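Got some structures for you, see below.
Next, two complexes with chain A in common: one pairs it with chain B, the other with chain C.
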Partner chain A sequence: MRRLALALALALSACTPSPESYVGASAEDSAAADRAIEAGDRAAAIERLRAIVEREVPSSLAEEDARVIRQDAYDRWARVALDAGELDEAEAAVGRGLALGERDDVFTANLLTTRGRIHEARERDREAARDYHRALVIQEALLEQALGGSDE
Partner chain B sequence: MNRAAWIALTLAVMSMALSACGGAAYRDETYVEPEREDPSALAEEQGELERQLSEALARPEPDCASACEPSARICALSERICAIAERHPGDGALADGCEDANARCESARERVAERCTCE
Partner chain C sequence: MSDDDDIDARELREAEALARALERGYAADDLPDDALQTAALIRYSKDGGALSEAREDALLEEVLAAADRAHPAPASRWRWLFGALGLAAAAALLLILVRAPDSSPTALPAPNAGLLEAELARLDDPSAEPRFDAEMRAYRGEVYAALERRYGRR
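Up next is the complex of A and B:
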């Protein structure tokens, strides 16, 4: 019985991805998505970006690291869809990205900017201006940090 | 995320994994710094270090590589906001938003130009 329990524990630990392999596989998908976008292969790009957001997140990976990896993928997915005129798909991707949590960082600013572009494409100009303004304020905070005014 | 960001993230995750494995920093505890014999030289050195510290604290070095991008994005967003305002000439709130965004763009440009050179 103890041997069975040990074998099960080993099998389970082998199935759980390590943080290093998660980040490595996500980086690989991200680079492949870049190449697909450059080649104009929208479907392949989205497939790779979807793989990033659907990959099981290791429990030992810092929550914020997982968030930024997935938000970056959602934002790029949304932009690929937006550029192809797939507004529903773009809006869904950006919504899922923002649902992971909004922070004063470049990932949230990017998602807000992309959502602003989607609003514009749907002729919702006031909503677009609001999102652009929120993204702008985040970029100001990032600038402040870079210039040494704050390390928050 | 660009390649550099992915590398940084991978290194951060790997270093966390290493520290979790119980890796300890090497420290030679047998070495003892020999005492200086001239107190006035030590006092002078201390004064100089204090002056350097005060300067460093008063004027933190800007991270220009990280400052140029937000500055450019602030101005790009400002352009988008103002393009929307132009499409709605009678909308005071949008006009105010454009004016505010333009001011922020100018301020960002000036602040970065004072301390960094962006491409």
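Up next is the complex of A and C:
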């Protein structure tokens, strides 16, 4: 009976991805995407970035930590697509990233800036200006915190 | 038929039922309550309520049969299965409790002034993108390092 319980417990733990494997695999994909971007290999970069956002998030990973990892990947995916003139793909990626939640941090500011670029490319100047302004407000607040912290 | 005849017939039936009750030690349905009490008293005064050996055996069989019906013997195979399932459920619950997620976000490093200035610069000037990319890559490395410190490295 003990063996049965142990086997069941092991099976349950095997079905749930661990947070260390999630973070580790995402870090590897992120570094590989950087190398692909530098090499100009757009398809390989997107494949790695897509792997990050499609990876199953472990239940034991804090939701905000998953958001940071995934928003960063969505922003880079959108920028790679934007640079290639794939506006629909870029807009879809940035939309999925912002749908994860908007916070006053670098990752949300990056997505807003990239969406502003996409609006600009589509000649939607008003929407572009709105996104740039929102990104600017976040970045100025973060800069103020950073400079204030360094003075102390 | 007169009332007297009717009363006599009823009294006769009750008397017969009383006689049977006294003889057998138990009453049939046709014996009224007062007659039943009378029969019990008479029988008790006669033999102290003692039951005959045959009656005792019959009662014992009835009691044992009733006890079997009330507590049927469980099938040992199912009992073991339920036990195993219970133990497995307890193990799963323990596993969940041990691995209960800490939902608080990781304390990530704050972005430095160089990154934020590069972010502001690229809003005005797209040619500032390479500088931003370099700063962001460095910051991303710090973020992953913080996450790996919390969750462990593969």
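Keep this in mind: the second predicted complex is superposed on the first by the 140 of 152 C-alpha atoms of A that agree within 3 Å, B and C clash if a C-alpha of one lies under 4 Å from a C-alpha of the other, contacts with A are read in each partner's own complex, and residues count from 1 in each chain.
Just so we're on the same page, contacts are C-beta pairs under 8 Å (C-beta built on N, C-alpha and C of every residue); 3 or more make two chains touch, one makes a residue touch a chain.
All values derive from a computational prediction rather than experimental measurement.
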item: Room on chain A for both chain B and chain C (clash or fit); value: clash
item: Which superposed partner A:Ala121 touches (first chain B, second chain C, both, neither); value: neither
item: Partner chain(s) touched by A:Asp65 [first = chain B, second = chain C, both, neither]; value: both
item: Partner chain(s) touched by A:Pro19 [first = chain B, second = chain C, both, neither]; value: both
item: Contacts of A:Leu142 with chain B and chain C, given as first, second, both or neither; value: both
item: Residues of chain A touched, compared between chain B and chain C (which is higher); value: C
item: Which of chain B and chain C A:Ala92 touches, first, second, both or neither; value: neither
item: Touching partner for A:Ser30 - first (chain B), second (chain C), both, neither; value: both
item: First (chain B), second (chain C), both or neither touched by A:Ala109; value: both
item: Partner chain in contact with A:Val57 - chain B first, chain C second, else both or neither; value: neither
item: First (chain B), second (chain C), both or neither touched by A:Ala44; value: neither
item: Those residues of chain A which chain B touches in one complex and chain C touches in the other; value: 19-20, 23-24, 26-27, 30, 61-62, 65, 68-69, 72, 106, 109, 113, 132, 135-136, 139-140, 142-143, 145-147
item: Residues of chain B defined as touching chain A within the complex; value: 1, 3, 6, 9-10, 12-14, 16-17, 59-64, 66-67, 70-71, 73-74, 77-78, 80-81, 84-85, 87-88, 91, 93-94, 97, 100-101, 104, 108, 111-112, 115
item: In the complex with chain B, residue positions of chain A that touch it; value: 18-20, 23-24, 26-27, 30-31, 61-62, 65, 68-69, 72, 106, 109, 113, 116, 120, 125-126, 128-129, 132-133, 135-136, 139-140, 142-143, 145-148
item: Touching residues (chain side chain A, partner chain C) in the complex; value: 1-2, 4-6, 8-9, 12-13, 16, 19-27, 30, 34, 59-65, 68-69, 72, 106, 109-110, 113, 132, 135-136, 139-140, 142-143, 145-147, 149-150
item: Partner chain A, residues of chain C touching it in the complex; value: 80, 83-84, 87-88, 90-92, 94-95, 99-106, 108, 110-113, 115-117, 119-120, 122-123, 136-137, 139-140, 143-144, 147-148, 150-154
